[in-house]
Every structure is written in structure tokens, then in C-alpha cells.
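Structures for review follow.
You will see chain A twice below: alongside chain B first, and alongside chain C after that.
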Partner chain A sequence: MSIPGSTLGALNALAGGLFLLTAFAMVATRQTRGCLLLFIYQSLLLAASAFLLAGEYGSSHLVGVGVVNLISKPIVVPLILRRTLSSEIYTRREIDQALNIPASLTIALALAVFSYFLAIPILNSVAPEFRSANVPIGLAGLLLGAYTLAVRREAVPMLIGILAMENGAFFAGISLSRELPLIVELAIASDGLILVFVTGVLVRTIQRRIGSTRVGELASLKEDQALRRQGVT
Partner chain B sequence: MAFRILCNALQLLVVLALSPLISGVLSRLKEIVQSKRGPSIFQPYRDLWKLFHKDEVVSSQSSWIFRVTPYVVFVAPAFVVLLIPVLTSYPLYLAFMADMVGVGFILALGGFFAILGAVDPANPYGPMGASRTRMVGFLAEPVFVIVFFTVSYVAGSTIPYIVQAQWVVSPESFLAPAHILLLAAFLMLILAEGGRIPVDSPTGHFELAMIDESKSLEYSGRGAALIKWSGHVKLMVLMCVFLNVLVTPWGLAARQRFLEVLLAIPLVALKILILILVLVVIESSLAKLRLFRISEFLGAAFITCVAAMITRAFAS
Partner chain C sequence: MILLAMLGSALLAAALSAAIPARRAAQAVTVASSLAILALAVLAALRVASGAILTVAAFSLSVDGLSMLIILLIALVGATAAVYSWGYMERTSAHEPGRLRVYYANYNVFVFAMLAIPMVAESTLVWIFVELTTLSSALLVSFENTREALEAAWKYVTLSLMGAGIALLGFLLLFAALQAGGGSSYTWGGLLAAAPRMPPALLKTAFLLIVVGFGTKVGLVPLHTWLPDAHSQAPSPVCALLSGIETTSVLYVILRLLPVLQASPASAVAEWMPVFGLISVGVAAFLLLQVRDYKRLFAFSTVEHMGIILFAAGLGSGAAHYGAMYQVVCHAVTKSFCFFAAGAAVLTVSTREIASVRDLIRTSPAAAASLLLGGLAIAGAPPLAVFLSEFSILRAGLAEGRYVLVGLLAVFIAIAFFGVLLHVNRMVFGVAAEPAAQAADGSAAAAVPPGAAHAAAVAGAPLPLTCLTILILAGALVVALGFYLPASLDELMRMASGILQR
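Right after this comes the complex of A and B.
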């Protein structure tokens, strides 16, 4: 290989930095479409990191992981979502959030710092050559995905939050060993696709019944709302 | 010594002479992207020439602040030019007078006087623009502080010439996530501070929507010319800091030869042209944000540079 390992490491660190940036942007974005685009970029960065680590560790398994990622997340997931959901969901501009965006971003920042501290014991327990920035950044991606899941009140962005959590877990996982079994990645990738499919169908049903995908409005019963409107309660 | 003083003066002259051209090229390219023809790239020079030859009208209700403001506003970014690397990669005569924090202070002084000058004649639009500028300003302030903090943390100094030498020691330090994230944050800052599109529209003619422009509505003649010119100089200063200190410190004169310093002028102009193309893409593809969304934009810039700092702080 003509490229020296240190340059590969530097490029991998760069992919990590951009990965963290997409995770933050996913918390900050207001549009469903933007959320999906950011997820696609994040998956591409994950694949790039897998390829770079494959070069650095000299592992063929990681190449397989990268290829599976490259096919499943940026291509198949958007296709499934497009087929199962109506285009009305994509064209909506604003997403409901339980918190406003500056507050969300501040919490997201605290989560990212926390994940760096969380990564220290993990990094101390592995061999020195596997200590890379992937672990804290992947953990941050995991936590930020979970946070997105918690504050969003719209079904599709919540689904993307779950997928972002998976991305984060993988981003951390691929750097920790040379021989990540390919079967694990295959299983999880197909699991993710099934998840997208099932949630897509569920969202479609919710939309047909209620006329909207705002999960935040599902907290109270329809009759309750009607009674309250009439001033009975 | 004499050479360094000479180069410092040359640097100032180059920036003063070229900065209107940069604004002209930027607006022309933007119009071309929007399939219009647009004014000539030399239009800013003609505007300045015209304004310098017009009479100045000063309200009898205004105080000395109104008269002093154009000069302070003009001198502040021009003084900053003496401190930053524009043409040379070695420090010039005045380079160690102030670091990047000092540069921020001097620019803020000009901004402060612009606000006083806007409030002074009690034109209803002036204070409105002034308070909006302050809002953008104090939201941008923490980002500036963190950017400087990160820069000094990585480079061990905040003197622009030393920072510039630090970033390009190897491709690793150039590609480091901290560096790239910092660049993104600083680009967002340039957009906010220069009054470019996601924050403020520099070509808007509607007073109620103005942020930066409405501060100078009351000025005429020479005062208006100086304030316009200082706006061009400020944009070029920010571009030079961004390009020559943080992104691409290549193409600058490395030896103390006069010919080499002169050769650096077209190279720096080329780099600025590339940055202008990036700005044109950004400005043509984004819409102006609503006023209360600006806090989100600058909040994103803040998060980006704090992320830069933590990726740097925890890198082993």
C-alpha cells in the first residue's frame, strides 16, 4: 500500500469529526428531508471510516462491513421509506420538538462531552493500536441518536434517530477489533432494513387513521380532546 | 527593518485598493448565478468616487459622535490589516502589536462606533439596525472566543503568523478533525460578521429587514463613502484571516525579496477568488434566516467549534 498508515489514521479522524458534525446537525435540523439526507451522509462517513480502518488494520472483514453499509443504509433505506410512505411526509418543513433547538444543541453538546469520558475506560481496556477517536465519537452518535428519538414528536425522524443510534454503535464497534465477524454486520443490516420496513408500514397506518404522523398528538385520546373542546371536563 | 515597514505599508495599500474589487466580483458573480447581468465589477469604485465628490449633510441635532464615527469605522479594519498576514508568511513590522484577540477587539471598536453613530441622529431605522447588529454580535461573541481558544490550544499562540505556521506542518495536522470543524465554524462566523446571506442580505433595499445596512442610512457624501469602503475592507480582512491563517497559508512570500512580495498579490487574489466562489454557492443556495433563527445558526457555529475543541482535547 502506497499511502502511509498515519495518513489513513488522519483521514479516519477526519471522517470521525464529520460524523460527529452530522450527528449534531441531525439534532438541529427542522426538516424530515434534511434529517434523512444527514442520515445518508452519516452512513457514507461510516462506510468511509470502515474502509480506512480496513486499510490501517489490514483487515478484509472491515471491507465487507463497509460494503454492506454502503449498500444498505444510503441506498436501500431511503428507497424503502419512499415506497412505504407518502410524499406528504417529506414535504413537511417543520418537525415538532419537545425542546427548542438551542436548548437541544446545548444538551447534545453535554452528551458528546459525556461520551468522551465514557470512552476512557473502554479505550484503556483494549490494545493500544485500537485506540482511535472512533469509540468516543461513535458513543456520541449513539447518545445523540437516542436523544433525537426522545425529543422528536414525528414518527419518521424518530425512526431515523434509531438508525443513527445503530450507526453510532457501529462506528465505535468497527475500530475495536480487527476481525469483526461479517455475519454480525449482515444480521444487523438486515435487522435494520426490517425495522425500517415495519416502522414504515406502521407510520403509514397511523397516517391513514389520523391524517398525520405527529406522534406527540397521540398522547391523549381523541374523545378526550373532543370533550375538552366542548368544555365538558 | 526598513523593508518590513515598507511591506507593511504595501500590505495596507493593497487591501485598500483591492477590497472594493472583491465586493464587486462577489456581487457580479451572484447576479450571474441568478441569470442576471449585474453591475460591472468596478461599480464599488464608481460608487466610492461618486460619494467622495458629493456634499455631506449632517443633522443639526446630532453630536460629535456622528461626525467622528466614519473615521473610526474606517480606521479600525484598516489598522487590523497591519497585524495579519496578507502577503508575507513572516511577521512584518507591526505584527507583534496585537494577537487575534486584539484583532477582534479592534474590529469590535469599529462596530461599537458604528452603532453609536446610528443611534445618534435618531433616525427610526438606525437604532433598529443597531440593536439587531448587537444581537448578532453578542451571539457571535462566544463563537469567536471559543475559536480563539481552540486556535491557541492547537497552535500554542494567538499571534496570526505563528498559528499559520502551525497548521501546515503536516497533512495530519491539516486533516485533523479539530482543524476542519474549526474551519466550518469560522466560515459561519464570516457569514454572520460580514452580513452575508443566511444572516443578513447585503443587497436588500427594504429598511425594515436590514441588519447591517440601516446603520449607515443617515450618512451622506464622504461619511457614507468611508463607511462603505470600511465594509469592503472588513470583508477582505476576514477573508485574509480565514485563508492565510487557517485554511491555505500557501502562496505567500517566504523570503524578504520585494519581487516575491509583489508576486504574492495575484496568488492571494486567486485564493480569494476561490473563496468568493464558495460564498456565491452558499449565498445562492440558502435563504435569509428569520431574525430569531439567527440564534440557531450561530448556536450551530458554537457547537461546531466546541466539538472541534473536544475532539482536540481528547485526542491522544
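Right after this comes the complex of A and C.
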């Protein structure tokens, strides 16, 4: 009885490691298509971890979480993106991020270490069966998603950064709050889909009006606006 | 039942205004639904004020004094902004009836999501509705489709959703804390009951994640950067909703958690709230001084007021909590009026630049008078309501012996008062700048030449009738609130502060 349990635990740890790897790769990738692919892998790993935890602890709720994640993120999100945005957007490469990639990866590494220390007091205060690698890894996923959002300039990778943050929150959450009602899970998932749709529409409007999706360059709303305009003209 | 009727009315109005292609159908449906919601909210408020707690078990809705106060304010601003929208949007985008339908559909979903936040007792569902307010208002912020509006909407969406992601982890950790504390129902009441047995580290982390996450949406410094952009670029009635009530309804979630925190072993964290609040007030007060856009002026004033409310809620005494609730009411009523006034100014002079609006009292007395009243009221000039609420907060703080914090708060409020009235006074009474000064201020000349603005104002049509009506009604409400507080509203505020107190 204990052997399958520990095997599942080991597999879950593997899923966690790969999850962290996708989060790092997302920081380093320049291509929009690559970013989307990494997000799909990450969501699959999240679903896998939910199934493994469900098997380990016999929780039917987590099976539901896994199924919802399996359907919504890897399948429906790319479909919505494809419908709202032209496929030309995927072929974009980002030439300049706010920071170059080695510096980004160093910061990402620091964030991952930081989230490990952040997770220690949390893990110490819950019952032993809730202690798993999911919490620090999920926290790292959340922080790395936020970091991706902060340094990116292209709209779609920023959107994927937001979704990756949500993945990270869930990756930590599924190990801690296993009895979360399924209706909540469904609502959060559908919320995520509305998120992709609304943001997609917004990006499309930006693309039409401004002719670019490099939203990082939009910086006309500043307090010194008037002064700067004066300098230009 | 009454709660479901309110939510249903908003949803139905959203569906109808998207579906019916007839001209002005969306406007009519939205106004009718918002007025119905307001009437229902007043009825419900009377019942709650007399001691009832409204619940709908099937949808886990539960409304007590604190929720009811917020619902009442949402219904009020929702209704006035809906009527105001009629004339305002007709004037600004009548040539695009299809887009107007989208506007009204989004408007109703937005009101629905805001109403649901205080009604729902299940905490994760609250998170979902907060996210829904962001998503439904994103396209309202970008409605004018200018480069600036799109930029503002993008900043708004990305920062708010980033905050929501952080808050989501907070809510999941809160659920874990609830289970560790032996609680079973993940509602505000269940959390409060389990609070004394929750592991402090877990609760503390969860609370801080939620404060950071939702603080982004409330506009707490340093995560406020999107707020002046979004709250100035959106169409004015939307600004009234965003600034007047959306921020407060998200702050409500943080306020709900304060008693949980105080009942738990991690109560020391609640002590930080006045400091967080004070930072927002201070930064906003100084940023107010240097704005160049009068809608941004009122947006920064929102950051200031959210800081004041958080400050008062964190103080801890009953009097301070009552002051916080009073401030919530005054802010919603006054700030929505300010944006209606700003909208009237936009319609008459068609620029948002403070420097190019001068001598407004001559060109458009209605817009000028309401701007002046709004400026005085929101800055906290006696005897208007915001003065009374701010004064009661300062007094409560002094009674607790927090002399340094209260002293700083008083200084910041005074600076903000000066900032708001400086700009408003210049716009209303200021003499048009001399040519030499205009040349130095190239921006004004580049954007809209002041002469042209004046010409447009002189030639411009008078304000739409609905806008004028709302300006008079809301203005009367702002003035009346300073002199008369209905007994049942006072009772509601007392109940709300009692809930914070527990």
C-alpha cells in the first residue's frame, strides 16, 4: 500500500520539477509560439499533478480539478486565442525585453530560491500530509509569471504570463486545499476563459488602432506628458 | 428573493441590451433595470437596518449590515451613472449604435459583478466576481478606442489580473488555514468562527497576499499606477462607477478579513493597516498637486480616500470603524458626482487638460458650478459630508492616542485639500492665460488651443437633459448628506462598523 503511494509522490515531485522548468523556460523564450506551447505543457503538468495527488490521497475533488484543467487550458485557451487574434501574432519574436535573457534567468533563479524560503513557514504550519513540493514550486510559478508579465513588451506573452501566474497559484493550492468545491473550480476555469477572450479582444483592438501589439511601448500616460510633448515638438 | 431579483435584473438587462437592435432600447433597458435595482436595494436596506439578515441559501448569498451598505451604494451610483450615460454616450458616440449596445451590455455585467461581491458569502466566489468586475470593465475603459484609452485599459487589465493571481493564492491558503483551524464552511462567518485556531503563519501569508493582490485593484500605493490612467480615460459615467464604487467594493473584501485577523493569533498584522493607508494618502496628496488632467485629479483623490478608509478601518476602535463606514458612504456619493461634473466639463470644453480650461464659470455655468461643488465636497470643505467623516476619523484616532499617525493624516488631507481646490479654482475662475504664458506651456497649444476650446464652448450645445438632471440630483444629495443623515442609513453604518469590530 505504501509503495504505490510513494511512487505517486515521486511522480508528483517529477511533475513539480518539470513545472518549474517550464516556468523558467517561459522567462527565457522569445517566440510567442514557444511561450504558448510552454504554457500548454505547464497546464498539462498541473493536471498531471492534480491526478497524482488525487491518487495518492484518494480525493475525488482533485480528479475534478485535473479534468477541468485538462480541458480548459491546453485546449480551449489556444482555440479562443486563435479565434480572436490573427495567427500572424504567433510568429512574432521579441527582440528586446526590458532585461536580457541571462540577467532575467538570474533574477528568476533568485525568485525561485526566495519562494522556497517563503514556503517554509507555510509548510510548517499545516498537517504533515499537506506538506509537498507543490507549495514552493507553485509559489515560484506565481512569482515567475508575475516577472514574465513585468519584463515582456508583447501583448500575447504578457497574457500568457497572467495565465501562468494562475497556474502557479493552483499548483500550490491543490496540495493545500484539496476539498475546494468543484463548482468553485469550474467557475475559476470559466473565468479564465473570459479573461482570455476579453484580453484577446483588447489586443485585437490595440493591433488595429496602433498597428502593433508591442504594448510595452505604450507610455503616453505619464504625469510629465505635457512637458515631454513640448520637448518633442 | 430580493437579492436574486437585483442580480437577475442586472443580468437580464445585460442580455437584453446586447440582443435588442432597436435604437435606444439598450439605454432604456439599462436605466429601467438600474432604477429597479436601486428601489430594491432601498427596500432591502430598510429591512436589514431593522435587524434582518437576508440570505439565499441555494446560492450562498448572505447580506448583513456591512454588505448592505456597499450594495446600497453600488445601486445608487449604478442608477445615477446609467441615467447620466444616456445623454453622455449619445453625445459622444451616437454614430456607433452597435458599439453603444456593447457598452450597455458591459455596463450591466459590471454592475452585476459588483453587486455580487458583497452578496456572496463564499470567499472564493467573491474572488471570481472581483475578477469579473475587471473583465467587464476593461472594454468600458477602452471604449473611446483612442491610443491613450487603449493603453489605460491594457495597464488596468494586466495589473488587476496580476493582482488577482496573487489574491487567488491568498484565498487558497486561506482555505487551507480554515481547514487547519477545524472550520468547514468557507464563508466569512465560518472563517470568523475558525479564526482563533488557525495557524498564524498561514493566515498571515494568506492575508498579505490578498491585501497585495486586491490592493492593486483598490489602488493602494505603490500598486496604484494603473488607476489614474484607467479612471481618467474611461467615459465619465464609467469613471463614476470605477472610482466611486468599484474600488470600495473590492476594499470591502479586505475589510471583511480584518475581523478574522483580529480574532486570530496573527492579529498583529492588522496593526499595519493604518500605515499602509497612510502611505497611500501621503503619496496621493503630493501627486494631486502636479496633475495636468482634471479627471486624473479626481482619480488621485480616490487613491487618497481609499487610503483614509483603510487607515480608519485599521485603527481598531468602534468610533474609527464608524468613521470608515461614513467615509465609504461620503466617498461613493461625492466622487461619483465629481466625475459627473468632470464629464459635463468634458462635454462643454472637449479637453481634459487643466491648463486649457479657464474661466469656465462664464462659458458653462452649470459645469463650473458642479465642478466647484464637487471639488469642495471631495476635498473635505466644511460643512459637507466628507469633512464630517474625515473629522470623525481624526477624532477617533486622537481618542486612541495615535498622535503621530493622526497628525500625518491631517497634514496629508490638508495638502490634498489645497491641491484639489487649487486646480478647480483655476479652471472655474482663472483668467485665460496670457499669450506669453501659453507659448511656454506648449502642451496646451499643441493639444487644444485654448481659444478653440473657448470657441467650442461658446458654440457648443447645452448639456444633455439627463446629464443636467443627474448633476442637480447628485449635487443635491452631496449637499444634503452634509446636513442630514437618514436614521436607517445611520443604523446601517452602525451595524457595519459593529461587524468590523468583532
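Convention: the second predicted complex is superposed on the first by the 213 of 233 C-alpha atoms of A that agree within 3 Å, B and C clash if a C-alpha of one lies under 4 Å from a C-alpha of the other, contacts with A are read in each partner's own complex, and residues count from 1 in each chain.
Keep this in mind: contacts are C-beta pairs under 8 Å (C-beta built on N, C-alpha and C of every residue); 3 or more make two chains touch, one makes a residue touch a chain.
Just so you know, these numbers come straight off a predicted model, no measurement behind them.
Overlaying the two complexes via chain A leaves chain B and chain C side by side, clear of any clash. For chain A, the partner touching the most residues, choosing from chain B and chain C, is C. When both complexes are overlaid on chain A, the residue A:F130 reaches chain C alone and has no touch with chain B. In the superposed pair of complexes, A:V113 makes contact with chain B only, with no contact to chain C. In the superposition on chain A, A:D191 contacts chain C only, with no contact to chain B. By the touch criterion stated above, A:S60 is placed in contact with neither chain B nor chain C. Closest C-alpha contact of chain B with chain C, superposed model: 19 Å. With the contact threshold set out at the top, not one residue of chain A is in contact with chain B in one structure and with chain C in the other.
Within the complex formed with chain A, the chain B residues making contact are 171-172, 175-178, 180-181, 184, 295-296, 299-300, 302-304, 306-308, 310-311, 314-316.
Every residue of chain C that touches chain A in the complex is listed here, in rising order: 122, 124-125, 127-128, 131-132, 135, 138-139, 142, 145-148, 150-155, 157-158, 161-162, 165-166, 168-169, 172-173, 175-176, 179-180, 199-202, 205, 228-229, 233, 287, 290-292, 353, 355, 441-444, 446-447.
Taken together, the chain A residues at the contact with chain B in this complex read 6-7, 9-11, 13-14, 16-18, 20-21, 24-25, 28, 101-102, 105, 108-109, 112-113, 116, 119, 131, 133, 136-137.
Note for the complex: chain A touches chain C at residues 118, 121-122, 124-127, 130, 138-139, 142, 145-146, 149, 155, 158, 162, 165-166, 168-170, 172-173, 176-177, 179-180, 184, 187-188, 191, 194-195, 198-199, 201-202, 205-206, 209-210, 215, 218-221, 223, 225-227, 229-230, 233.
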